[in-house]
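Next, two complexes with subunit A in common: one pairs it with subunit B, the other with subunit C.
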Partner chain A sequence: MQQVISRPWIWSWLAAAATFAMTTALTEGSGAGALAYAALSFGAFAAIVGLGQMLVITLGPGNVDLSIPAVMTLSGTLALKAMGSEPDTAMLGLGVAILVGLGTGAANFALIYALRLPPIVATLAASLVYQSIAIWSNRGLRIKPPAGLADFATGRIFGVPNVALVGLVLAIVVWVALERSVWGRWLLASGQNMRAARLAGVPVEMVRASAYVTVTAFAAVAGYLLASFSGGAALNMGQDYLLMSIAVVVIGGTSIAGGFSNVPGVWGAALFMFLVVSMLNSYGAGAGVRMILTGLIIIGIVIAASTRRASK
Partner chain B sequence: MGQFLSRHRILLPIFSLSVLLAATFYMQPRAMSYFGINLLFNLAVPIALATVAQMMIMMVNDIDLSLGTFVSLVACVTATFLNDSPLLGVLILAALILTYAGMGAVIHALDLPAIVVTLGMSFVWGGLALFVLPSPGGSSPDWLRALMTVKPPLVPMAVAASVLIALVTHLLIIRSGIGTVLRGVGGNARSVARAGWPVARLKALAYGLSGLFGVFAGMTLVGLTTSADANIALRYTLLSIAGVILGGGEFIGGKVSPVGAVIGALTLALAASFLSFMRLSPDWQIGAQGAILILVLTARLIFARRENTTG
Partner chain C sequence: MQQSAFENDAPIVALTEVVKHFGAVRALDGVDLEIRPGECLGLVGHNGAGKSTLVNVVNGGVSPTAGTVAFPASGAPEALSAGVRSVFQELSLCPNLTVAENLRISHSGLRGPGWRRPARAEIRQSLDAVFPGHGIDANATVDTLSIAERQMVEIAIGFAPRGTEARLVILDEPTSSLDAGIAEQLLRHIRHFCESGGAVIFISHMLGEVFDVASRILVMKDGKVVADRTVGGFTRQGLVDAMGHVATDERQDPRGKAHAFGKEVVHTSQGLSARRGEVVGLSGLAGHGQARALARLYLDATSSWRPTGKPRMVFVAGDRTRDGILPLWSILRNASISILSETAKWGLVDRDAETSAAAEWKRRIGIRTEDVTNPVLSLSGGNQQKVLFARALASAAPVVVMDDPMRGVDVGTKQDVYAIIRAEAANGRTFLWYSTETEEVCRCDRVFVFRNGEISAELTGADITEERILEASFEMQEA
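Showing the complex of A and B:
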């Protein structure tokens, strides 16, 4: 029991469970299934971008990717344009999305490495360029995703939303890569002490590059799925996910100081972030109150996590 | 040598602003007038104040992701309470500054990551702003409007105000004793504590100063736009971070330059005006701003290399 409590990821899951219980208590249990289904669907997008952001934040202080919203918009826009609503083009669209992810990630890291820019500023400046490309190629057109792909994005297998399954598979892949591969050890070592890792022979720059490419690749996949899910790409479709991606990582128990990742916590926090909004909604809170309480809850969780750490 | 280099650091922001200004005048010679310059730097004053606010936080090694929503909230309060019942408005703004100082104290006392606490606070400020002003509107107090549209002799208002902001913050942060200690908190908080300074109070002071300049930013913004909405200044978060870095500041180590930060903010404001003169398609305006940012920051690299080889 002690071991379970001391796991940092348990807190985000407990918080998610508590908000779920409080929401369903209001409706006396009816609609619990629908609420869980919606949480899994919408939480999946936050979880996918959160997993990528987690890898970058693990690299240590100052490492954050601010280009996630722009990459999501760009990949959603270009993928839908490439598919042009034609049937059987889902794989083509996915390929375009992944290429966008790899390209933007490589560009971000080139700015960070070659120009020695702080990652926050480099990804911020680059994201302005990506946003422009998306605006230019979108031209206000709303292209529908191919019918098959739209069915997949909004569909379910055994009652679980397909997008949640994709998010789950990606989470397992990241978990295996972090916990069971040399690359994962390298990433954690670089995050704990980059200088020591470099002296120990870890190819630090290669590890950083792979993290920055992975985060944009995940954001691109999330953008592709979100555009298919919501019936088209919109220029502001990514804007909620900048703060969301950082919030789910931190609430999920990953250290903002770097060096410690937490995959299950990201999913718990993604569910929690959706559930807290729907809980406040069902209690009849207006938009203003909802935002204030969301903010206070985020700060409360960070304080709880830090006092727990200090008391150990 | 150290002094020589620190003088060098300020040259880069001055150089980038001059190049951009020269390019603007080359494209549009008619901008080279009192009226033209006023137009070019129209929105520079609130951006400069927000950049200084961000600089106060970066000075103590933290980063403020809530600044844009905070400035929006101040704008909403200014356009409603400060206009309708000035005393209540002043009290609310004072309370906001105190909250900022309290935020700094809590972040220090509980050793919390500032990036997450300010992220949470950004939701709180945004919610409060929606509360104060659910739909765009309100109006600017007359005296504020008069202040922002004043036409001083020789140089336009925006330029005069920027020089004043740079001068005051330079005296406060670089020249004064307390400013030096505050920068010391960013350099090495532990040794400042060992020297007998109350670091928690110093951090609260830095955050309080940031809140003060954030309030000024929101008020001047309303003076220019004459009305407010809850999302009016959201982009100030990122603009202010970029402005501090453009001005030669660093994320860690208490290395900040108030004069540089103001010049960085002017560069960002000018970049937007420059692009509209270029008759660039609106699609590419944002992207070109990003490209200018990258270009100017690349110049920073040349200076950094030189420091390494000569230092």
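Showing the complex of A and C:
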């Protein structure tokens, strides 16, 4: 029991379960299935971008990618444009999205590495460029995704939304990379003490670069799926995911000081972030109250998770 | 001895039957101790003997599991108001603040507008008193200072009055990063401080210094006090025996055996070179470019971008917290980080190979822990250093670079490490070894003496003597 309680990810899952219970209690259990389905669908996008953000945050203080919304918008826009609503172009679109992800990640890290800009400044400035490219190539058009792809993005297998399955597969890949691979050890070592890691033979710049490329690749995949899910790319489609990506990482129990990440916690936190809004909605809270309460609840969970860890 | 003047005074601190457990580990196991004004207590024992825990109990940093700590001389309830000060072996200054601002952290009496002026005056006065001619600016940011200068600032903060008066100053390995001249200034100040009624706890692995400065020596082993006598009651050999190590002073000298070294494996533009199987020493006064030369050598030989299956070179850090330890991790993970890519399959960590390598090196180098999955920070400083040795030596790298790696390591472990280094060198590994201790440098096959960032002499064979090294360290400065 002690072992379970001391796991940092348990808090986000407990919080998600509690909000789920409180919401369904109001409706006396009816609609629980639909709520769970919606949470899995919408949580999947937050989880995917959160997994990427987690890798970057693990690199240590000051490391964060603020270009996630712009990358999502750009990848959604360019992918849908490339597919042009033609059937059987889903793989082409995915390829375009991944190329956008790799390109933006490489550009972000080039700014950070070559110009020595702080990551916050570099990614924020670069995101203005990405957003402008998206605006320029979109020109107010709303291109529909190919029918097959739209069906996939909104469909389900065995009652589980397909986007959640994609998120789950990516989570497992990230977990294996972090917990079992040499690269994961290198990332965690770099996040604890970059200089010590370098002197222990860790190729720290390669590790940093790969983390910054992975986060944008994940954001690009999320943007591609989100655009297909919601029937087209919109210029503000990534907006919510800036704070969301950071919040799910922190609530999920990853150390903001670096060197410690937590994959299961990201998924728990992503579900929670959706559920807490629907809980407050169903209790009839207004927009202002909802935001204040959401903020307070997040603070509470972060405190609970971090004091547990400190007393361990 | 000088303490006679204050012999009948009440003790500054009195410990009775103090016990401290950390989980299953008995760090202190029933310790009685009184320290009176005028005493300089030398505290010795090998790594993990309980020295650090004892001083942390005295200074109030940890509270004992059982037993009492009292401050009869002052009647104060706790260590801070009783005038107990600590200078730690782990450097604990804030690097982004100035020297004077660091004084303020432990001196809450400095407040209100313009507090920096008295802070500067106080730290300057204290530095002048302990280290005359120190050349440290009270307005300098700490991260611009060398490690020796930081240690000097820390010592000066320990002796500074800080609103009350320092009555008992605890110095944990204060000289390990100081060169001989500065260390001598410190010892002189300690004698003066004790003559005027202060007391000092002096922890050092350099037994010569302990004999030099202490009026009384306390030997600890496995959490217990095994000997407590005035300094006259000990011989050097008796002290080493009391610490529980077999006398190992024979120095099976490998030099002169006309070693046939292999071909040259290291050569820098600065003139530093090393051949296969050779132990090359770097010497000279502290802070004259030795550490920088080694770091540059290592960073040039390895890449931040390209992962290598078999590293060409490994690094043993002396500044553990800055350059070595990965604080969130277990002993196992800290020890294995440099060998991961040697044993990995498909990019995944071979956890069996990792575990067996850690177990082997825990045994060979004697890391004092029950379980290598314990956090690395649960180890004492010297044992953390052993983990860093294990990290480097466990890899197959042909060249090992060591940046003053013996700081805070006890006599027994040093002997073990010397033996391992010799054995590894005989197997064809090359060592580049910077040390602030001349005695260590004299064990090398070849020595480069540094002065002002340049190599001022290259010594081999019978030329490697303390005199020649000192000569080369100072020579040009005279001119």
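Definition applied: the second predicted complex is superposed on the first by the 311 of 312 C-alpha atoms of A that agree within 3 Å, B and C clash if a C-alpha of one lies under 4 Å from a C-alpha of the other, contacts with A are read in each partner's own complex, and residues count from 1 in each chain.
Here is the rule we use: contacts are C-beta pairs under 8 Å (C-beta built on N, C-alpha and C of every residue); 3 or more make two chains touch, one makes a residue touch a chain.
The model shown is predicted, which means the values in this text are computed figures rather than measured ones.
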| message | Is A:G284 touching anything from subunit B or subunit C once the two structures are fitted on A? First, second, both or neither. | response | neither
| query | In the superposed model, does subunit B or subunit C contact more residues of subunit A? | reply | B
| query | Which partner does A:V121 reach: the first (subunit B), the second (subunit C), both, or neither? | reply | first
| said: If we overlay the two complexes on their shared chain A, which of subunit B and subunit C does A:Q192 touch? Say first, second, both or neither. | reply: second
| said: Contact-wise, after the overlay, does A:G159 reach subunit B, subunit C, both or neither (first, second, both, neither)? | reply: neither
| message | Between subunit B and subunit C, whom does A:P203 touch in the aligned arrangement: first, second, both, or neither? | response | second
| request: Please work out whether A:F260 is in contact with subunit B alone, subunit C alone, both, or neither, and reply first, second, both or neither. | output: second
| query | Between subunit B (first) and subunit C (second), which does A:G29 come into contact with in this model arrangement: first, second, both, or neither? | reply | neither
| Looking at the overlay, what does A:S181 touch: subunit B (first), subunit C (second), both, or neither? | second
| query | Which residues of subunit A touch subunit B in the complex? | reply | 61-62, 64, 66, 111, 115-118, 120-122, 124-133, 135-136, 243, 246-247, 250, 256-257, 286-299, 302-303, 306-307, 310
| In the complex of these two chains, what residues of subunit C are touching subunit A? | 295, 298-299, 302-308, 311, 314-315, 317, 322-329, 333, 337-338, 340-341, 344, 347-349, 391, 395
| query | For subunit A, which residues count as touching subunit C in their complex? | reply | 176, 180-183, 185-186, 188-189, 192-193, 195-206, 209, 255, 259-260
| said: Under the definition above, what is the set of subunit B residues touching subunit A in their complex? | reply: 63, 65, 110-113, 115-117, 119-131, 134, 238, 241-242, 245, 251-252, 281, 283-291, 293-294, 297-298, 301, 304
